[in-house]
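Scrolling down, you'll hit the structures one after another.
Each of the next two complexes has chain A plus one more chain, namely chain B in the first and chain C in the second.
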Partner chain A sequence: MVLPVVVVIAVLVLFPLAQGVFFTFTNINEGNIANPILDRPASYVSVGLDNYLKILSGDASYGAFWSTLVRTLVWTFGCVFFHYTIGLGLALLLNRQVRGRSVYRVLLILPWAVPAFISAFAWKYMFNAQYGIINQFLRFLGLDDPPVWLGQSDWALVAVIIVNVWLGVPFMMVALLGGLQSIPGDLYEAAEVDGATPWQRFRNVTLPGLRSVSSTVVLLGIIWTFNMFAIIYLITGPNPNTRILVTYAFERFFSGASRDFAVASTYGVLILSVLLVFAGVYRRALRKQGEVW
Partner chain B sequence: MTVEAASVKVVQPEQVARRRPERLRKRTDRSRLASVGLHGALVVASLIAVFPVFWVLVTSFKPDAKAVETTPKLVNDSSLDNYVRILAGDKGDFLAWFGNSVLIALMTTVLAVFLSATTGYAASRFRFPGKRSLMLSFLVVQMFPFAVLIVPLYNILLVLGLQGTSMGLVLVYCTTAVPFCTYMLKGYFDTIPNDIDEAGRVDGLSPFGVFWRLVLPLARPGLAVTAFYAFLTAWGEVAFASAFLSAADESKTLAVGLQVFVQQNRTEWGHLAAASILVAIPAIIVFYLVQRFLVTGLASGAVKG
Partner chain C sequence: MRRTTLVTAVAAAGALILTACGGGDGGSASGDSGEITFWDTSGPNESPVFTKIAQECATKGGYKVKTETVAFDQALNNYRTAAQGGQGPDVFRAEVAWVPQLAKLGYVVDLTGTELATDTADFLETPLGSTKYDGKSYGVPQVTDSLALFYNKKLLADAGVTPPKTWDEVKAAAAKLGGEKTIFINNDAYYALPFMYGAGGDLVDADTKKIVVNSAENVKALETAKGLLDAKAASTALDPANSYNNMQAAFTSGEVAMVINGPWSVADYLKGAAFTDAANLGIAPVPGDTAGKGSAPVGGHDYVIRQGTKAKDSSIKFIACMSSVESQVQVAKELGLLPTRKSAYENADVKSNAVVSAFEPVVTAAHPRAWIPEGGQLFDPLKIAYADVLAGKKDAKTALDEVAKAYKDTVVPEYTVG
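Here is the complex of A and B:
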């Protein structure tokens, strides 16, 4: 029963991955790739480590790798931090006996149900500097000069982070809510009998009880956010102030007439390497705390 | 018959256990002020969650010119014109895009749920060589940025003759959806006691019969989340769709097609909003069908995963 999946994964992930790695050592682009429709053989040549050297030198015409990496990290950890804290806060509120709990739950999960590209359009509309509802609201509050959100400044990065936080909180909330519900109530009762304050109960019962859920969803969240493409690309387009590694790779893939497949692939391999290193460190850190994972 | 009885008996205590935390704090325990604060926080959060969708809905009825006024009003020359013009095909072949998206999303959902259910079950119940590394590789697959896959996949689809077709996209989406779904479903299957399988075996069911007739029905919450995730993956995906589908207007999906409303200098917000609402409806229907399973389904997957 596993066989179909193994085959699918091998054909559609491992084989392309191997090929993608191979492309990073060539100068492949739209002009020299094999094209069965035009009946044209491949004519790209090996360039050794050239692509890597150009990118890792941090050259601006190759995407200014290091500063883009820093921006990617700001984006990733900023988003995941707010996903987790807001998600946990809402999950704690929803885990109580509240009137209309299921209504709140449906409303709060709603952002997850809306396709991401629709949300992107909606927020782009709301963030517009002149007619967007957000700046209208800020002016109404007495802020005379609200920022141009999606222009060439760091406000654009703030804006896309806000959108991604809005988008990602429901998943965290639902996962953590499930985690909260699996903590046995006896533990709370015991803690209460022992005279633990609410804060102590939260620190010593809730957080340890959520450990395994948290470690999984935080890791997944980091991986997904690191590779999140649609939101940034659809809201700000190729704006260098919101450029992260993945969007730049896509720009490269699509830029101009000669789609630069080689550099796009090289970026892909570098992204994968960063994530693998991170996951390794993360796993080791968890294991040190006695987590079997 | 005996099997049914066994399954009922096993599931009940689990549900009771899940409900326990709710009993913990009774409403009477809370001061009035705390109640107000609780509801206040939830109302504010719900408003933030719902407002963008509400605002798109309001905008969808306005003409393009009224949608960009500097003093927005809730209702301004509102009518159904945007919807009528989009459905009539004035702004590109909307119905064809819609059909493509539905077809691709449904095929992805069916294929992904089937593949991940069988794999997840196998990983949960059987020992086989490479099982650990298989599960680990599913996690690693999540890390593959599409940027590294997009060129070779483009190449493969070109060679297979699937470039520009829906089937090609379905296969590509499955590679994203299947690993995560398998991971979750394995966790869910782990929470279903093995006794049920054994009881089924005793009653003379084949291994596949046990899986199909006993385990799958019990795993409905997990399957619902999986289906939801797979559907949304395919319904809302932009990058692969814009890279792989042919330029012909009638072969586009919604995610690609809708970009015609966002032109270089001018965005037709009224029309875009109306189209967005039409696109969001199927996703919200799917969401509504599965939402009551989401918490249980996702939780056990993530807890045990």
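Here is the complex of A and C:
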């Protein structure tokens, strides 16, 4: 009875994965891949660990792996930190009895409802160094030389983090709001009777009550953000100052120099490895805290 | 229970079959569907005219044409992806640098021996060169272009400045034209070429298989460009994502006096506030290091037919009609784009078109590019380097050395860095 499951998993997951891993040991690219439509047989050859060595040497022609990895981590943890803290703050505000609560809730979820590419283009115009509304506002405030947001500096990374935070907060807010509403009200009443301050109630009732939701959404958020390609690519294009691992893999695979499937696959395998290691460490840490996941 | 197993088995089998047969029918030569899909990569100003001519050709030739407009910066990628899977247009308007690349990858039909490749004496030499790869013919030149210096006649006349012939004259003119408002430099790779060619540099030397992008001439060229910014004689967006649009906005609003751009931008300019009177738009050859030595790259577009098309014969007829003298004259007349046929330039209407007549000497003097399959891929590394240099993040030598290394590692590994 287990056979159909094995077959489906093999076809949907393992076969493509194995093929991707196989590509990393070859020099496959658009010019030497087999193409039945053009009557062309495959002519790629095995190159052993060459792709890994080239990438892991940190060579700039192969995406400067180590500095790109550091940038990816800055991007991921920067985004998820603000997603979580802002999302939690908004969820706490909306969890109280305020007038027009549902209206606020709908408004706050709007960024999530707009297609990502529309947001990306809107922000691209707002970040325009000369005509964008952001720099016009900064100049109005008396800042003579506002930054070139999407240029050749780290401001570009700050800019895309701002956009991604804007996009990601609604999801965190909704998830955490759900978590907050599942905490029984009696706990708060009991704490209040015992004379707990609001901060103590937050620390000792709210946070523990949210733990299972938090651990899941934070892990999800980290994986999504680590692999968030659309926002960065649509706003800054192939700018090395915002390059993260997945955007570079895309550049190698689709645009850029050579449709180098081999190097792109190698990046894919390295991204997968980083995330697997991270997920393993994260799970172990949670289990130590008594969380079953 | 049995039913679930059966359903799963069927699903699994289906999935297996789907993965096993990706593709199938290659383009069989026999039979012609008589329906052509044409991917037009021209902008919103130009596309209606091409569509109109395409429909006229179809009516005359007795086949059907569907024109699909594709964004220029996405077109090459979309075409390659589609062609790889046997999909996509029958006829494609490819930028000149793309043709050798598509030919090498086998995505376009070899036209050698067809009527399109035999009767080519009327075409200008340089655009025709872009359709050749490995001794075979893969396309037909549609339009040709190059970069020129566009200037706001009124602003220059008010300041008492004549169109500059050298970069030093640009710098000198800045005192009268209001410093940074003199010229707008687009920090994109293609727009770095006039500086490089004008200084005697090039990207690669295809004959001796050498990478020459980090030559002393090119270093000097980028330093010239950066020098204009440093001397406050030019402005740039420093913002690659918005650079082109900012350049267009600054020039059409009359904020800057000069830009370097190609004939495709004329329609945009004439819509702007500064050029409600079309006579205010001046066109001159790009400045050089010394007067008369300005040199801009040859651009333009070719028609190609996709390998695997089901309408090869109709496509050949269609391209013959689209690139006929008559069609080229119409395009030149209505859009000011430059014909690729010598005889089209003799037409009175074409001669009297201000844009065409201004660009004709520019195009004749334009610097040919290396027609190699990798030609289109030389720009990605250069784009980043040029933006870095203009932003003052790297000096020209370091940036160009990195470009040379990227060319050697990923674009033309068989070349030597020299």
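Observations on the model:
We take it that the second predicted complex is superposed on the first by the 277 of 293 C-alpha atoms of A that agree within 3 Å, B and C clash if a C-alpha of one lies under 4 Å from a C-alpha of the other, contacts with A are read in each partner's own complex, and residues count from 1 in each chain.
In the analysis below, a residue touches a chain if its C-beta (ideal position, glycine included) is under 8 Å from a C-beta of that chain, and two chains touch if they have at least 3 such contacts.
Please read these numbers as outputs of a predicted model, since none were measured by experiment.
Within the superposed three-chain model, A:N35 lies in touch with chain B and with chain C [touch as defined at top]. Using the contact criterion defined above for the overlaid structures, shared-chain residue A:Q181 touches chain B, although it does not reach chain C.
Of the two partner chains placed by superposition, only chain B is touched by A:V114; chain C is not. Measured by the number of chain A residues touched, the leading partner among chain B and chain C is B.
Within the superposed three-chain model, A:A60 lies in touch with chain C and out of touch with chain B [touch as defined at top]. After overlaying the two complexes on the shared chain, residue contacts for A:W224 are found with chain B alone; chain C is out of touch.
With both structures placed on the common chain, the touch criterion links A:N239 to chain C but leaves chain B unconnected. After overlaying the two complexes on the shared chain, residue contacts for A:Y131 are found with chain B and with chain C alike.
Legend: residue contacts after superposition of the two complexes on their common chain; A:F250 is shown touching chain B, with no touch to chain C. Touch criterion met: A:L17 reaches chain B, while chain C stays clear of it. Chain A uses residues 1, 4-5, 8, 11-12, 15, 35-37, 125, 128, 130-131, 254 to touch chain B in one structure and chain C in the other. Note for the complex: chain A touches chain B at residues 1-2, 4-6, 8-9, 11-13, 15-17, 19-21, 23, 28, 33-37, 89-90, 93-99, 102, 104-119, 121-123, 125-126, 128, 130-131, 133, 136, 166, 169-170, 174-175, 177-185, 188-189, 212-213, 216-217, 219-220, 223-224, 226-227, 229-230, 233-234, 245-246, 249-250, 253-254, 261, 264-265, 267-269, 271-272, 275-276, 279. By the touch criterion stated above, chain B contacts chain A in their complex at residues 17-18, 20-27, 38-39, 41-42, 45-46, 48-50, 52-53, 55-56, 59, 67-72, 115-116, 118-119, 121-123, 128, 134, 137, 139-153, 155-156, 158-159, 171-172, 174-175, 178-180, 182, 211, 232, 235-239, 243, 255, 258, 262, 267, 269, 272-273, 276, 279-280, 283-284, 286-288, 291-292, 294-296, 298-300, 302-303, 305. Interface residues of chain C facing chain A in the complex, by the touch rule stated above, are 5, 8-9, 11-12, 15-16, 19, 22-24, 26-27, 77, 80-81, 84-86, 104-107, 237-242, 246, 249-250, 307-308, 377, 380-381, 383-384, 387-388, 391, 393, 402, 405-406, 408-411. Interface of chain A with chain C (complex): residues 1, 4-5, 7-8, 11-12, 15, 30-31, 35-40, 59-62, 124-125, 127-132, 148-153, 235-240, 254-260.
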